[in-house]
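These notes are about the structure you will find just below.
Note that the chains are named A, B, C, D, E and F in the order they appear, and that numbering of residues resets to 1 at the start of each chain.
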Amino acid sequence: MNTRADNELRPTTIEPIASAAAGHVMISQGQTRVICTASLSTDLPPWMLPRDGGPATRGWVTAEYAMMPGSTPQRKRRGGDSRGTEIQRLIARVLRAAVDLERMPGVLITCDCDVLVADGGTRTASITGAYVALAQALLTARHKGMIENDPIDTPVAAVSVGIVDGRPVLDLDYPLDVNAEVDMNVAMNGRGEYVEVQGTAEGAAFCRDRLNALLDLAEAGIGRLLEVQEGAIQNAKFKMQNAE
Amino acid sequence: MNTRADNELRPTTIEPIASAAAGHVMISQGQTRVICTASLSTDLPPWMLPRDGGPATRGWVTAEYAMMPGSTPQRKRRGGDSRGTEIQRLIARVLRAAVDLERMPGVLITCDCDVLVADGGTRTASITGAYVALAQALLTARHKGMIENDPIDTPVAAVSVGIVDGRPVLDLDYPLDVNAEVDMNVAMNGRGEYVEVQGTAEGAAFCRDRLNALLDLAEAGIGRLLEVQEGAIQNAKFKMQNAE
Amino acid sequence: MNTRADNELRPTTIEPIASAAAGHVMISQGQTRVICTASLSTDLPPWMLPRDGGPATRGWVTAEYAMMPGSTPQRKRRGGDSRGTEIQRLIARVLRAAVDLERMPGVLITCDCDVLVADGGTRTASITGAYVALAQALLTARHKGMIENDPIDTPVAAVSVGIVDGRPVLDLDYPLDVNAEVDMNVAMNGRGEYVEVQGTAEGAAFCRDRLNALLDLAEAGIGRLLEVQEGAIQNAKFKMQNAE
Amino acid sequence: MNTRADNELRPTTIEPIASAAAGHVMISQGQTRVICTASLSTDLPPWMLPRDGGPATRGWVTAEYAMMPGSTPQRKRRGGDSRGTEIQRLIARVLRAAVDLERMPGVLITCDCDVLVADGGTRTASITGAYVALAQALLTARHKGMIENDPIDTPVAAVSVGIVDGRPVLDLDYPLDVNAEVDMNVAMNGRGEYVEVQGTAEGAAFCRDRLNALLDLAEAGIGRLLEVQEGAIQNAKFKMQNAE
Amino acid sequence: MNTRADNELRPTTIEPIASAAAGHVMISQGQTRVICTASLSTDLPPWMLPRDGGPATRGWVTAEYAMMPGSTPQRKRRGGDSRGTEIQRLIARVLRAAVDLERMPGVLITCDCDVLVADGGTRTASITGAYVALAQALLTARHKGMIENDPIDTPVAAVSVGIVDGRPVLDLDYPLDVNAEVDMNVAMNGRGEYVEVQGTAEGAAFCRDRLNALLDLAEAGIGRLLEVQEGAIQNAKFKMQNAE
Amino acid sequence: MNTRADNELRPTTIEPIASAAAGHVMISQGQTRVICTASLSTDLPPWMLPRDGGPATRGWVTAEYAMMPGSTPQRKRRGGDSRGTEIQRLIARVLRAAVDLERMPGVLITCDCDVLVADGGTRTASITGAYVALAQALLTARHKGMIENDPIDTPVAAVSVGIVDGRPVLDLDYPLDVNAEVDMNVAMNGRGEYVEVQGTAEGAAFCRDRLNALLDLAEAGIGRLLEVQEGAIQNAKFKMQNAE
């Protein structure tokens, strides 16, 4: 059934989806679907406000991640759990690595990643999709005059890799993920640098050579995801200009 | 901007959406969008199980309702509130009026209504959409041999009506809803009977004549929604048969 | 045992009860007993305060509803549930329909309805009793000089009606309520207008004629409840004047 | 205003109150009013059930304490706090000292103490009143054949004492309690023995002589409370016999 | 195994322990071990702040108590329970009786008592140990110039006593505590006055003579604990001076 | 002040600490101190029990992590947060990589890591210390006859590495951690394989060469930590044998 090559990404698209938020896309990666919205606000968290009551000199990007009840064959109960908490901390960290927070003073962007269908790789698809929603929201913020300059420093995208049946494989779907001995999530930026590397030995620990093989696979996959993101952002820009 | 006649529904469609659940549609009513999924299970709530340990003689239908964070221009915080609790109790009650629970022994169906865009009428759109997801899930249950007979007794649909600027109006969008003096949600079945009538004087109390005018409007609107539902269910049946 | 006529109210009294709150009555309707107190405060909820820091131009009325542990033969566990949440939202909406909030600027009244004995109709008895406690608390507020004019616009009262064994019945006690095919709660004001209509098909949906019969019964019952309220308020005024 | 002698109890009565619970009284001690109900059940807490699945050899008595929202001039928010938790643990311990749990196998009695008006001494009034409700519930349990013998070993009652303006005083109301340097709650049984002694130096620590003077006052007050309890129980027995 | 005399304390030491808090000791009493830290802060609880926005005229001392998971042979689940809540309220009350809060304006000290090994008497050991941590923290506060004068009025210490096999016993370890018919916790100050007396009949109520015998035992034990505290404080002062 | 070489561990010891748990050590790494206990139980989590009611064929290892209130100069509030949740998931995953769960059927070991002093590297010190407590608890389990064979497959230890001022540094204390551009936690087993690699770009993303340099540092540091663990376990075995 899975006839992909080990170093091949699943078919991936990033499309607009109806929303009231400033940024809003649905990323499809194989069967996995994540609705990513980016909401714009000026209500910074209290700890970011200067003590002297003056205007904020920085902005902030945060993220939330949730699985929708229909995302799994056995209904997923609503409400956060420790896995979700860990994932949304990861998403937010990576997104913040894409922007210069000082170039978006006083602006809060909350990226919500709601998994419509979970077939593996939801946390990395969330990062890849949420970056596009974030970029759209920042375009809107500039358009509204909330910020002067483009705060984006470099795009970020993420992919999962793993060792399955002893072979390094790119972009694990759920059946592969369940059988993986090693599971690694890698986030990189547009300059080919690492933003986050999280490798876990599920079954058997792994040696340095295997780690290197996984990093090579991830790098190639992320390169292709950055292209998909770029296309989606150009489309959004085009629509925004035509809407004026 | 709102050039609908007072007795006209907003454009309404019910389309399939990707999901791992047995039933899965997105209902669009004007700008409002609700993702409705229906998950199939045999884990009945403990209070439904016979005390003697024998097999359950009835099934159950329940519902959950949530607004997604990007559903409103100002981001909607996740997590239940009292309004949501009240709405999901309403949805579940109406859906249960559509089925004969004794014809689905041991089967639990949970209908999840997640509002993607909130532009008024989300609770009634949830009912109308969730009924279709429920019907799909019951088809699947029969297809899998979990139940023998069709438990559906009659379709159900719902619509909001209200008094705006002194005039009775059908299917309030958000700007109309905010200005309504009276807000009423009506759910009816395929036999033209009431399943639920909830009328609230937001600004001014209303007399019997106005109540009657609102009920007339609702009846006409629900008639048209039942047709949209029927079309969506026929499409689903058609796909299911071709998939065999 | 139940020898009432179908269109007869259960015996209903509204008496003072010891309390430290400004308004305080116990309503008895058949076996049902609800302790209704109305507490006076100037701590408006934050969202009601003007953004400019100036004085509030309106007041607020809110309500809480709870069943006391000994209110049912099987002890009722403390702590809110979704049913209670829905009921207290209803009570508060109806009470607010009785007053002109702009005539009570800066004043918050919280009406607490604690069910001492639950034998059906606790939510409508709560409304009927809490209106009296609210009126007492407003008298106290004027007496203390917290408000200048009487904010009451019209009294409000509520009653339950239902279809039992195929017949429309007024003021359901618990045994009737359990057997009702349709259960409807109606709140009306002193001008004979509807404030809230909530009809639910528990067993079988209902046609328009039945709805009309239920509304007729409710109107007659509420008329009599308004008289009981008026007597209780006159008593309270009389005591207050004599206490001076 | 307070013209009681330092060694005089406030006027105290224990009267029946409407309830669906097996035991149900209202105790009035000065302005303080507590509704005490005792609910009968056979649902023992899981930790009391024998591991071998056999029948329970003991019963249990537990208690809950809450202040009703209208019990204080400034409305009391609902929901437990640490003070309430501590009080209900105390009430339950003292009530259990009144009974032989082995003479009520498989029976759970939950005593609920809901403060209607709080004017000092609510925890000790709760104990004194709840004992009567407990005794009523045990009468009912015997009457229903749930237990064979009377589990009551000795009555229990409680009172507060304190040092105010340097003088030992019995049964503190709220104004006295606020000014007390030492606050002590004493619970004793019908044999003149201590069940609980809780003395706290609010302002100044106290020497042995003062402790003894407080214990003397408490002993005399509890003696009178035991008589009030006895009268209330005899009334309840009389009604129960006449009801047969 | 327990060869102590009935009026003998278990071996008791109070030693420094590594910490980032201003005060930090471990008290060992027999096998029982409690880590007591006292953290210094100027964030007074909101209810202590003067309404006029001026500087606080008083300080505050509060306490928290928790059993560490490894403190009992069967692992102790984390998270507060009602027993812990009651204990920490007791600890805080007794510690506040040691200081003049007006001599520490604007200073908050939080004493944390974490039980490393629980072998009976953890609440009284917590009081005895926490007083030393509190005294250290106040030394630090003076050293830092946060307060001018020594706020300590008198030391406080506490011990448990009980009736076991009919005999009054000092300082109950867990096996003794389990078998005690009466359990009493006594806190006294350096002037031989009572700060708190909490006696509970676990099995059998107790007469006045027994109460007096227990108070005599407690007084002698607390006298010895005050000496251990004094030694630990002198050591801390000595180290602090040498560190300058 | 920090005169360590960049590739030098902080002074590290693992010592026994008083506890009622089967395994119990305190690890000190520089100023950081973590109390690690391992509690033995046969209460497996419900999801591990075979559906057929037969005996469990596997055991389980879980972990909890908490910072004690006095662990930081500004008092750390009790109660879990998302950071703690993420850390305890990491600790548990790494510990499970050390054992063959099928060689400890029916046994649950809960490792608690309570941070006494937090000066950087608390999560990796928790892993290193908890492994020793786990090993002790397994020795006890064998000693008690709860398991037959040694379930340990390989030891595990962890260390943090990071890039500070552009240089790769081993074992970051708090001041170094705050200034680190990249922060990486590495866990390895006794065969030199990776169990977990978690690298995060705090400030600037990092290239492959830097990643490799960090991995080299971690490998050397973990080698030395495995020796410290081995010494602590030999001591524990020695004591256990002499205690027999």
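To be clear about the criterion, a contact is a pair of C-beta atoms (placed from the backbone, for glycine too) under 8 Å apart; a residue touches a chain by one contact, two chains touch by 3 or more.
As the structure is a prediction and not an experimental result, all values here were calculated from the model.
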Going by the stated contact rule, which chains contact subunit D and subunit F alike?
-> E
Based on the averaged CA atom positions, which chain is farthest from subunit B?
-> E
Same vs different contact residues, subunit C with subunit D, by half of numbers used = same
Counting a repeat as over half of the contact pairs in common, which of A-B, E-F or B-C repeats D-E?
-> B-C
Let me have the rounded angstrom distance from the C-alpha centre of subunit A over to the C-alpha centre of subunit E, please.
-> 51
Could you put a whole-Å number on the gap between the CA centroids of subunit B and subunit E?
-> 60
Taking each chain's centre as the mean of its CA atoms, how far is subunit A from subunit F in angstrom?
-> 30
Identify all positions of subunit E at which a residue touches two or more other chains, and write them in rising order.
-> none
Treating touching as the only link between chains, describe the layout with one word: line, ring, star, complete or other.
-> ring
Round the ring, from subunit A on through subunit B, what is the full list of chains in order?
-> A, B, C, D, E, F
Flag every residue of subunit F that touches subunit E in the complex, lowest number first.
-> 17-21, 24, 28, 31, 33, 35, 37-39, 41, 64, 66, 68-75, 78-79, 110, 112, 114, 116-118
Subunit D residues touching subunit E - in the complex, by the definition given at the top = 82-83, 85-86, 89, 93, 97, 154, 184, 188-189, 191-201, 204-208, 211, 215
